[in-house]
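Each of the next two complexes has chain A plus one more chain, namely chain B in the first and chain C in the second.
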Partner chain A sequence: MKAHIKVTLKKGVLDPQGKAIEGALGHLGFAGVLGVRQGKYFEIDIAETNKANAMTEVRAMCEKLIANTVIENYDIELA
Partner chain B sequence: MKSAVVVFPGINRERDMMVALETVTGHKPFAVWHTETELPKVDLVVVPGGFSYGDYLRCGAIAARAPIMTDIRAKALKGLKVLGICNGFQIITEAGLLPGALVRNSHLHFVCREVKLKVENNHTFFTNKMTEGAIVSCPIAHGEGNYICDAETLKVLEAEDRVVFRYAEGTNPNGAMNDIAGIINEQGNVIGMMPHPENMIEPLHGKTDCRPLFESLLAA
Partner chain C sequence: MKAHIKVTLKKGVLDPQGKAIEGALGHLGFAGVLGVRQGKYFEIDIAETNKANAMTEVRAMCEKLIANTVIENYDIELA
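Showing the complex of A and B:
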């Protein structure tokens, strides 16, 4: 099974990289950009075949390492 | 005063730290490799600066989960003094020994220069030879030193006098909340700071402003 994980900065956490990208898009002439937030995407191959068990395991991975829950949220999709 | 300095792959300030500790305390610190599972018997463990694991994932994130960190966490809870400098601050924060997080400098640039630090709390094991309110010079070298935490944590840090060092007014180099450069945990035995005091203790460093910090260790 494969876990697709999106890690994004929590609302209110300053994202200077997103701001820099927003600026660069402006330089390229994209006038309609209202904001950019940058995040991370992970694909993890796991041996577990039971979806519920896999979700428990991947959630623990996110809590313990993949995301820093002080500043980040995570979203898991299993496929 | 016996100490240990933890070494992770990608760390590069462990030698400077070991020299500083030996120069001031007279004891050569143990160098402890990250795969070790038990610290030698020491009074202080230092997590030094550098770029552990190339800052992969998040600064300090991988190192914070290294085998030796389990013992450091357990002993810190029992009162072992822990000092995290720069990447070490990021590592011990990622390890949950200090609240908050260190994120990308607000202006996105890596900063490597001298800053002015204000000693906000001189009742700690690393500042007791300093005068409260003293302004000292100290080098910084980081791309991710922007300290953030939630509003409640910030309120507690300020109310409990747990901001140990602040960048002097108007000199914040990274966007850190309330100009925070270093903090201490609730129990008073874990300090993390972004600046590098180990590089301002010898005449050859240009200034010796930070030598009293290391001398404080002897009194603690």
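Showing the complex of A and C:
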């Protein structure tokens, strides 16, 4: 089973990398950019085939390693 | 309009960061991890409200700045 995980900064957490991209897009001539936030994306292939068990396992991975839950949110999709 | 962009390494491109996470998950006791690939995730807020125009604009951003299309694929979702 494959887990797709998006890790994004929580609202209010500064994102200098996103700001830099926003500036760079402006310099490249993209005028209508209102904001950019950068996050991380992970694809994890796991042996578990039961969806509920897989979700529990992947959630534990996120809490322990993948995301810094003090400043980041994570969103898991199983496929 | 908001664009959600996933940037992932193309098949065959080495992903040492993903390998490191895979190893770390193993050390943490997650036994059933078959593979990890890390990518990037972007949320771009744009002024354009027409979906087709927005897609064209965001695709141009990806080609010019967001993704390195030699080694990376990108996937755009508009919402």
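Basically, the second predicted complex is superposed on the first by the 79 of 79 C-alpha atoms of A that agree within 3 Å, B and C clash if a C-alpha of one lies under 4 Å from a C-alpha of the other, contacts with A are read in each partner's own complex, and residues count from 1 in each chain.
To be clear about the criterion, contacts are C-beta pairs under 8 Å (C-beta built on N, C-alpha and C of every residue); 3 or more make two chains touch, one makes a residue touch a chain.
All values derive from a computational prediction rather than experimental measurement.
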item	value
Which partner, chain B or chain C, touches more chain A residues	C
Touching partner for A:R37 - first (chain B), second (chain C), both, neither	second
Which of chain B and chain C A:L14 touches, first, second, both or neither	first
Which of chain B and chain C A:V70 touches, first, second, both or neither	first
Residues of chain A at both interfaces, chain B in one complex, chain C in the other	64-66
Chain A partner contacts - residues on chain B that touch it in the complex	57-58, 61, 65, 94, 99-101, 103-108, 146, 148-150, 175
Of chain A, residues touching chain B in the complex	13-14, 16-17, 20, 64-66, 68, 70-71
Residue ranges of chain C touching chain A (in the complex, touch as defined)	6-8, 18, 21, 24-25, 28, 30-48, 57, 60-61, 64-66
